[in-house]
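What follows is a pair of complexes built around chain A, which joins chain B in one and chain C in the other.
Our next item is the complex of A and B:
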């Protein structure tokens, strides 16, 4: 079942068009920075973008900071929202369930497929940004090594390890989004409704994070720890928010995947 | 499994996910039978005890943010995240964490290195006796050390313990006896083992909620490793030496003035050795900084835009919680910036005393 879903994902033209569209923004930003040589002031703009003019190897992280707040969650919400509701809208869900596979397995296969989409997207964005950074942007780290947020030096090995951790963390954050969208996909008939519902949750979360009156709610909001991957580049690494981010995303996955399972297993499928 | 049972499983999972952290958070604190004076003594003896941890502050003071004082305003107006390693009063590091950057203070042997990711620069400076407050001054142990300087056992009483950083910390209320103080009381909670203060709440007169809170959310009483308080800058970063730390240090070194020995009924602190006067001690303290016209003008404009500003021909006064800010003079004049945790009457009296008692010692530097 998982193999079928993955084949469908990889062979779908829409998958690659979406990934290319997501990849286009950081690519454009990289080219603009290289051509104009004007970067944001350190500490402003997306994380690490200020540093890429001197150290192009940081551009994969900057690219992650660009796509993580908006582009990637939209793509995940649309893809995961499509999972069940899309099949229902096309009238294929009935036929899918005629096959000798359980609904739980179908749900898991859909989630795995969405996560593979996230992994593909993050890897394509990171690889493109790495090539772009190495070819067009600064090469200071080649001679002096990368600088951590705390001003200390990081070896290439440390930098690679921390970058991989940051990419894994970003993927985990998207797993929480996928779980919410998958649940909504089992509730509504139109995939667009599931995607918009998920985006509504994320926009509300982002808004509440800026509101002092919502202080009590903030540790539980899904987007609260998304940017904690920056803490992986402090020296020593600040694990506090990363750990909380991992636990929070795990909680969202458990709750919404549980609700999706409970709803989908008993849902009358007529489409 | 029936539909009902499936939803029960889903509901149970949700309940577990919500209830476990909520229950851990709501665990009651175990109080101890330590007396107020004993706790005060224990906190005092822990002043140079090593510690490390993650600090969060909540500032509710709407202080003006004129350029020369922007960092001070943010210190008491914003919510700050910090992490600190404290091996001793002359060997420490405090990082102020930002979403995509940080500003670190690393202090060893009387020299402070400030690394600013935002400015991409490390600045080395000596530590002057007179300077503006900085992030390292508001971590609970350092703030407590300052607040308790003139406190006697008659000024303190026990309050219930509370859980801070997962520790049941016995509480102490400090009520200032000086009539000039604008602080109603300070509540603090300390680690029962080491005596290191873990949380400080500062209340203004007639306030139901604290004007300023600083709390260690993660805490260790172990001595941090020497490497944690050493700044090992990456190759290629800009390093500068700064002879003048801030506007208070500059005024203290170069303004040709000597303020009087007493203002507003408060005696000058022994730290005062130049043009800037520090008066009072502990909870009841004010600082008087002489400003030139070009420094006073933007601050005056900023103060006038602050809610509840009181303006007269002679001065501009703003009160934000327990902190009062008074700038003497008008229009483009220079003047004395007088600020501290004292009443408005004390600030005005201090302005009168400064006008009468200041002596001039030479030409403007």
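Our next item is the complex of A and C:
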């Protein structure tokens, strides 16, 4: 079933259009930076962007920093929100279940397909940004290795390791989003409602983070530690927020996937 | 093949299906009749494990449902409430994906089975067009092909001729009769009496969620004991059969008589010209309406 879901993902034109659109923003940013040579002042703007003008190899990281907080979660909310509700609306859900595809198996396949979509997007964005960075942006510190956010030097090997850690962390955050959207997708009839509901949760969470009065809630909000991946590039690595983020996202994943499973197993499929 | 006992489904406070005991036997073409909203589709969905019954038991091919769905459903072909497919993909790709998603769809024979199924439903000429570009009738045929893909022992079809032209309806009817002759049991749900009457061997009638009738079709259509006669000489016939004529309408009269053969001989002997003479049989429509009426009276 997983293989079938992946084929559907790859065969769908929308998958590629979405990835292209997501990829367009960092590409535009890269071109603007290269043409105007005006970077954000250090410490402002998206992570790593200020360093990009001097070191183009950092641009993939900067591009992910641009995409991760907003574009990717929206894409995940839409894709995962579509998972069950989309099949139901199309009428294909009943034929899958009668085929028979076990309900648990279907949920797992859908989740895997969403995560593959995330990986695919991240790879495309990183690859485009790498090419763009190498061709258009600064290439000063290529030989001496990258610089950490704290200002000390990092070897290329260290940098690769930390980038992979950061990607893994970002995936976990997106898995949290996917779990919420998948749960909503088993509840509502229209895929759009599931996607909008998920985005609603994320927007509310982001808003509450800026509100001092919501202080007690903040450690439990899904987006609270999303940007903690930047801490992985400090020297030494600042683990505190990353650890909390991992625990929090794991909790969200377990709770919402559990709820999605429980709801879907006992659901009357009447679409 | 299908056996349910006390099958009941509540949606909130609404009772959609109540105490239904279906009995579909191997080799049947079973017609499942009922008005729109009578609970047909809910029953079909419960048989296939899509809707979970509130109470009661279901057996499909002798195994409990939905518990044994994984073993039983590969042997069942189904079409529920119209066909559905991924509109951006071709019919062939749709069938291949569906076949690959569950158990019992051998990969080695897949392409051949898809060709066979498309041929059976008259879609052999289908090209690479996406299903989006299909007509309603083509989609219906594709849905049937999906149900036939693994040569099922039991076909559960909900309104299979929906959206087909008269020619197409006849082709599909012939296909189902042929499949049945080769050993496939067919469970056909429909609100079209004529369709059921033309091919079914057994009939079940659902009315407001209750099974009000279940019997062999030929038993339901037994003679009424009256004979229908068409004759231009109505007056002479009436005089001859005095007292036995129960109804008269233009050139047609209904006569209470035990033996149509003797009746015919008597008429001809008396020089009454007979255009048509046949024992009256109850139509399925009469039977169904009567059954529904009785169940209505009971409440």
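Just so we're on the same page, the second predicted complex is superposed on the first by the 270 of 271 C-alpha atoms of A that agree within 3 Å, B and C clash if a C-alpha of one lies under 4 Å from a C-alpha of the other, contacts with A are read in each partner's own complex, and residues count from 1 in each chain.
Here is the rule we go by: a residue touches a chain if its C-beta (ideal position, glycine included) is under 8 Å from a C-beta of that chain, and two chains touch if they have at least 3 such contacts.
Note that the structure is predicted; figures quoted are calculated from it, not measured.
By the touch criterion defined above, A:266 lies against chain B and chain C together after alignment on the C-alpha atoms of chain A. When the shared chain is aligned, chain B comes close enough to touch A:254, but chain C does not. Contact with chain C, but none with chain B, is seen for A:102 once the two complexes are overlaid on the shared chain.
When both complexes are overlaid on chain A, the residue A:227 reaches chain B alone and has no touch with chain C. In the superposition on chain A, A:39 makes contact with neither chain B nor chain C. In the superposition on chain A, A:60 makes contact with neither chain B nor chain C.
Overlap of the chain B and chain C contact sets on chain A: residues 266. Residue ranges of chain C in contact with chain A, taken from their complex: 11, 42, 45, 48-52, 69-70, 73-74, 76, 78, 80-89, 93, 97-98, 100-103, 146. Contacts from chain A toward chain C in the complex involve residues 1, 3-4, 7-8, 11-13, 90-92, 94-102, 266, 268-270.
Listing the residues of chain A that touch chain B in their complex gives 41-44, 46-48, 50, 65, 140, 143-154, 227, 230-231, 234, 236, 238, 240, 251, 254-255, 258-259, 261-262, 265-266. For chain B in complex with chain A, the touching residues are 1, 3, 6-7, 9-10, 13-14, 17, 54, 83, 95, 97-102, 104, 115, 117-120, 122, 217-218, 228, 231-237.
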